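Labels A, B, C, D and E are assigned to the chains in the order they are written; within every chain, residues are numbered from 1.
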Amino acid sequence: MAWSLKKTSEKAGLPPGTLVHIGEQKTEDIRLTLIDFDEVSLEQREPDTGEDFGPYVKKPSITWLNVDGLHKVDVIQKIGEAFCLHPLVLEDIVHTEQRAKVEDHEDYLFFVVKMISCDNETDVIQWEQFSLILGDGFVLSFQERPGDVFDPVRERLQKKTGRIRKNGSDYLAYALLDAVVDNYFLVLEKIGERIEALEEEVMEDPDSGTLNAVHSLNRELIFLRKAVWPMRELIGNVQIWESPLVHDKTNLYLRDLHDHLLQTIETISTYRELAVGMREVYLSTVSNRLNEVMKLLTIVATIFIPLTFIAGIYGMNFKYMPELDWHWGYPLSLGLMAVIAGLMMFWFRKRKLL
Amino acid sequence: MAWSLKKTSEKAGLPPGTLVHIGEQKTEDIRLTLIDFDEVSLEQREPDTGEDFGPYVKKPSITWLNVDGLHKVDVIQKIGEAFCLHPLVLEDIVHTEQRAKVEDHEDYLFFVVKMISCDNETDVIQWEQFSLILGDGFVLSFQERPGDVFDPVRERLQKKTGRIRKNGSDYLAYALLDAVVDNYFLVLEKIGERIEALEEEVMEDPDSGTLNAVHSLNRELIFLRKAVWPMRELIGNVQIWESPLVHDKTNLYLRDLHDHLLQTIETISTYRELAVGMREVYLSTVSNRLNEVMKLLTIVATIFIPLTFIAGIYGMNFKYMPELDWHWGYPLSLGLMAVIAGLMMFWFRKRKLL
Amino acid sequence: MAWSLKKTSEKAGLPPGTLVHIGEQKTEDIRLTLIDFDEVSLEQREPDTGEDFGPYVKKPSITWLNVDGLHKVDVIQKIGEAFCLHPLVLEDIVHTEQRAKVEDHEDYLFFVVKMISCDNETDVIQWEQFSLILGDGFVLSFQERPGDVFDPVRERLQKKTGRIRKNGSDYLAYALLDAVVDNYFLVLEKIGERIEALEEEVMEDPDSGTLNAVHSLNRELIFLRKAVWPMRELIGNVQIWESPLVHDKTNLYLRDLHDHLLQTIETISTYRELAVGMREVYLSTVSNRLNEVMKLLTIVATIFIPLTFIAGIYGMNFKYMPELDWHWGYPLSLGLMAVIAGLMMFWFRKRKLL
Amino acid sequence: MAWSLKKTSEKAGLPPGTLVHIGEQKTEDIRLTLIDFDEVSLEQREPDTGEDFGPYVKKPSITWLNVDGLHKVDVIQKIGEAFCLHPLVLEDIVHTEQRAKVEDHEDYLFFVVKMISCDNETDVIQWEQFSLILGDGFVLSFQERPGDVFDPVRERLQKKTGRIRKNGSDYLAYALLDAVVDNYFLVLEKIGERIEALEEEVMEDPDSGTLNAVHSLNRELIFLRKAVWPMRELIGNVQIWESPLVHDKTNLYLRDLHDHLLQTIETISTYRELAVGMREVYLSTVSNRLNEVMKLLTIVATIFIPLTFIAGIYGMNFKYMPELDWHWGYPLSLGLMAVIAGLMMFWFRKRKLL
Amino acid sequence: MAWSLKKTSEKAGLPPGTLVHIGEQKTEDIRLTLIDFDEVSLEQREPDTGEDFGPYVKKPSITWLNVDGLHKVDVIQKIGEAFCLHPLVLEDIVHTEQRAKVEDHEDYLFFVVKMISCDNETDVIQWEQFSLILGDGFVLSFQERPGDVFDPVRERLQKKTGRIRKNGSDYLAYALLDAVVDNYFLVLEKIGERIEALEEEVMEDPDSGTLNAVHSLNRELIFLRKAVWPMRELIGNVQIWESPLVHDKTNLYLRDLHDHLLQTIETISTYRELAVGMREVYLSTVSNRLNEVMKLLTIVATIFIPLTFIAGIYGMNFKYMPELDWHWGYPLSLGLMAVIAGLMMFWFRKRKLL
């Protein structure tokens, strides 16, 4: 579940730039989808894994090649050669334990980010590495498994009038990253709902299951923050670098994306503070309950122990116990007990114990 | 209640710049108020939502257009077109989950801040997004619901001699932001009163309701800080940018506003520290009480259990129990019990348990 | 008591620069003292509140006007006009909820700091806002109540040979701020003594009063830090600005003052860490005591409950209970009880419970 | 075990640059291995400790001299003289308590880092200081004990076609540091496995051993962070310095290394947060168990104490106790007890105590 | 013991530059030692407190004047005049509550640092202020009490061949500061030993004494950090300033000193984290013990209370109690009790309470 605890040891000692797929294989087949478009025409198809993409590099139209599945390193290698990618870049694409980052390789920018989605039925958060290459006239995107996150982008591409058709590859790359960040909001919203449910539960009737839920919520927020935190810096860097690949007009959109990331991070840290608060409420509820239980025990025991002692006294078998022979001995002893019990309850009430 | 937990998912995947109102609809009708003034004359009226504000853009007088209610996106769209606002700006105005920020769009500055007010009867804090466009000769302000926050500004505008009539649109924008920040102080003051009441309660007679109150106080402070924190940076940025829209003379007032924000933030963090302190006092009070209860139980049980045991001994039915036949057996046994009880109480007193 | 929780709401919505006294009135009359001096002569008197100070502005000698009491805004207004102060400055002087700050108004520097003093009898810390205007040839100081903090400065002024007579108004301003900071040390020293007493108490015989004392100590340190923290930045700013009002020679003294402030802040944070430590010692002492009490109860109950059970057995009234008729039945049963008690005590000792 | 608690006092007062071996001696003999290579040829051998390495300094081929064992300072001294190293550098090499750092000595760069390895059987983390000198055409490496960490690098060197043969000494130095950092991942992976096992244990059936394991885990993470934290800065510095010893091409690889270090640090801090979480789950589990135990005691005691009291009443020996003579007295008393017990259980169930 | 809680109030209000000795007098007599040396000759003697050091200022040889004892301000004053020191510098030398700092007075650098030493018998840490003036050709050092910290430096000075004789006054100053920092390591080592002993104790058999030891350890670390923290900045400043008094060659040694300070600070913060860890282990051990004790009480009480109740039943004196007359009544009742006890123990075992 937690992507940060997976195996990375297999690579220790190998020369840098060696292509080894690290990570769980999340899809059976590797699937390519290619969209090549300019303002007037658009071509969409699923190319063969062996196809040579060389021609697309030189075409003035914008090419978007999406790869679902990273476990076949030879396919990745071939695409890398066609688009002249550095071996370290290819290595990072198939090594799915990367920290989110952006690298400027002059001819292209290389983005790695974490994509998250929330399974609608089980509420389990699923992690996936998403790599993106933004070149002059092409965008390459690599996902670990097929998904529907980019369907809206594809739909917008189909519409001839959309802004996305009129802008360059940088705007397309922005649109893809924006779709990834939009998914963060979806996940945060789900988590927000869980927090609201938990806050009610913790106030009203918490049990140890509540605390476990708070704990696993906290755990998820730790991993979420770890994933999102470096992205803020990443988008900030792209804005500062003034790479010729990113036009001024797109920078405005990146600023918007940066704002969204800041908001995501602040929401995560607000959620973590709420989780801390819930934990504290839970603990003091538990300690209040213990107090209640102990108070009950103390009251019952403190009242009855002396009474039982008196009964014990008159249960002794001494020959010469004058009270035993009194005619009113029994009612008197009962009366004594009632008086003692009454005084104690009065004292308890005064001490606010009852 | 908590504005950060609301739905933002409806927009995921839509192209940026799409106008969709996100957030609760807080007013039935959208209401516009327009004030157009210069040093000598002032015109105030409630224009139609369909009116064309084009002419006001060019007029040398200063125009302030205030919009209450954001749910009719076509009205916002029309105003945006009249004043040449960027689609992303309009999108942010109707998307009421924004983080406080300022953007420099050359022809105008775009501010988004959170406006808070405290319901006088229920003490519930109400959140609202307030957007402000400062252009050359015009100020546009957008609120989610009608309110009386800006009434003092309107009154000052009515007075011909006021400083606000002699200064430009930047001073008007400052006056509006200042009114927003002044409301923060009002809310903080209310919270301060609650803190003082809670501090007394927690010292004297805390119950679990006290802790819940401290907890929900803390929760409110978390959201308050989240709202105010980015504003500090925002005003700082405007001071640094030296935008031609903000005159040097106004910068002095912005510095004052910046000071107020710093004070707000410091007060919030002081309040949070006080809340932490209250929680700790509460917890140690609870643990003291548990100690008291347990000490009571221990003393009563420890004294009576041996006495009851002695009574039990002489309640046994053995045939040959010489003590039972002694004439002074009963008083002697009672005396023994008294001595044991006395010794124990003496020992308790020495150990400071009694 | 806590200056940060006072009313500031009265001003919400008023135009900036409106003079309204905010804060408790701490003195009945407003009192002015004026000292005008140069290297050879010195004039000291208590001018009328209505006096015109215009002539002093132009005189080459150095003028120090001290104002005790801020509740009569017209007096402040008149002084402000004589020395050409900005309305925002006057507003901040009479609004006693300011954050410590320094502002460069070209013709003068405006300082606001918190002055604290410790009542010698009640140990209560008293807060006061101190404003200072450093102009070319004059120093204005505003206090909320009359005090003896500046008496040593006055005495040094009387002596013709002192450094203070030979230096400009900047040195006088430094001397006044230095006197304020020296008072911080006095207060910290008092707090240090309380901490030492509390540390001893918490180690030896803490009760819930101890914790309340630690708590209110912590509370005072929170407010102290809030007051002193911005001053560090303030003096740092003056050193960096290279204002023509502050001579190089005085900068050396400001560096000394800056060091003192750093030391104050570090001492405050050290004290806070000590307070945290005391709280932890207290809590573990309390939990140790609970353990002791529970151990006592457990030992007594665990030993006597089985014995009482045995006594109960032989207190039963069955017709055929052979042991009851044994001649040695009674001593044997007592012996059995003694053996059981002995074994249990042995086991307790082995488990280190006794 | 913890390298930071070892003796460093032996050196106090000695002049700087004095060679004294500080640290545990971890190997018996000092062993040198030398690899001298260029693109076409490679020489590998184990030179004598007394050999003069002077000739290798001038040779255009790249020389890698590795030293295992630091306790013979004269050998280190001799090597230092041959390669013209500064006395402070030699002192740091044999003083194994160094903080990770890099120093630019113009003719060479001096790196000190911590190398860690995890014993496969005992899971004990072993610490070692690794020093590296990167000169023009040579690389010196110093380890405390022989190890197999650099075997993959040696294998890559054997292959004529590898990148490592074509690049300069800076690439070799990078390869060695990369091997060290790869080992961090191996250790983190082991720790990650322990965390997963502990998380399960703490959720299901924690005992005090679990907490001790969490505690020692935390302790190891503290030392790990202390070792890795300064390395981030170290690699960053090398990237910034633009030393002529490090070529632009290698800088790309250093950036990759920097990313790995960032990931290491983030993983460590994530692990520490997980450890905090586990501790909290453990503590609340313990406090839940206490609650359970106390609830059980309270229920049993509260039900039976009143019943026993009633039995005690009818065990009294008063002469005139009418109930004792009733024919249905016994069943009636038993019935009374059953009713009381029933009522109490009903009340417990209503209060959710049962 | 804690230098930060001492009296500083005596000086409040005095003009700056007034020489008043603040702090405990730690030696009876003031003692001067003077070493004047160049590469070929060295003169060492104990001058009179009244001697005029003027001639040494001009001599080309390097003069080191060490002063033990600061309570005679006239001696300090005289030395200050001979070497032309600023009054504020002299004031700081005799005011032993300074924060560590360095000041550039053009003709000389003024250092104030805290010197610590650990009494070998009592393990008490002793604090002392050490001031150092580095001038062109002279070094003045001021200690509060005589000590042997600088003996190794003196010995190195005696040796004609040492580096210290060939370098200027800056190297001597470095050597003295290095000796001070080396003593930090000695103290940290002692503390490290105490931590190791405490960690073992806390794991195996902690009592309230253990916690007090952890607490006072933490207290010492707070003061240590307060002393060392500003020194890091201090040495950093000297490196940046490029004062003509510090040669480039010495800068290399200062970098080494800076590294040592960073290591000291990191070790202190590691120790504090270990102390936090120990406290947590202690607290959970205490809470585990409470659990154990309560479990024991619960088991004993829960088993015997019902049995005693049964015995109570058959101890009742009703006339018509058929069981009492049964021949097998007694063994049957004992059997019933055994069955109940057995069932309960079985249930306890199943619930893992036993």
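By definition in this document, contacts are C-beta pairs under 8 Å (C-beta built on N, C-alpha and C of every residue); 3 or more make two chains touch, one makes a residue touch a chain.
These numbers come from a predicted model, not from an experiment.
Enquirer: Spelling it out: a chain qualifies if it touches chain B and also touches chain D; which chains qualify?
Expert: A
Enquirer: Between chain B and chain C, how many degrees of rotation does a Cα superposition need? Round to steps of 5.
Expert: Superposing the C-alpha atoms of chain B on chain C needs a rotation of 70 degrees.
Enquirer: At what distance in angstrom does the C-alpha mean of chain E lie from that of chain A?
Expert: Going by mean C-alpha positions, chain A sits 42 Å from chain E.
Enquirer: Counting in whole Å, what is the centre-to-centre distance of chain C and chain E, each centre being its mean C-alpha position?
Expert: 26
Enquirer: Specify, in ascending order, the residues of chain E that touch 2 or more different other chains.
Expert: 287, 290, 294, 297, 301, 305, 308, 312, 315-317, 321
Enquirer: Specify the contact topology among the chains shown, as one of line, ring, star, complete or other.
Expert: ring
Enquirer: Can you list the ring's chains in order, from chain A toward chain D?
Expert: Read cyclically, starting with chain A and passing chain D second, the order is A, D, E, C, B.
Enquirer: Residue numbers of chain A touching chain B in their complex, please.
Expert: My answer: residues 151-153, 156, 162-164, 175, 178-179, 182-183, 185-186, 189, 192-193, 195-196, 203, 252-253, 255-256, 259, 262-263, 266-267, 270, 273-274, 277, 280-281, 284-285, 287-288, 290-291, 294-295, 297-298, 301-302, 305-306, 308-309, 312-313, 315-321, 353.
Enquirer: Report the residues of chain B in contact with chain A in the complex, numbered from low to high.
Expert: Chain B reaches chain A through residues 4-5, 7-9, 11-17, 86, 88, 97-99, 101, 103, 208, 211-212, 215, 218-219, 222-223, 226, 230, 279, 282-283, 286-287, 289-290, 293-294, 296-297, 300-301, 304-305, 307-308, 311-312, 314-317, 321, 323-330, 333-334.
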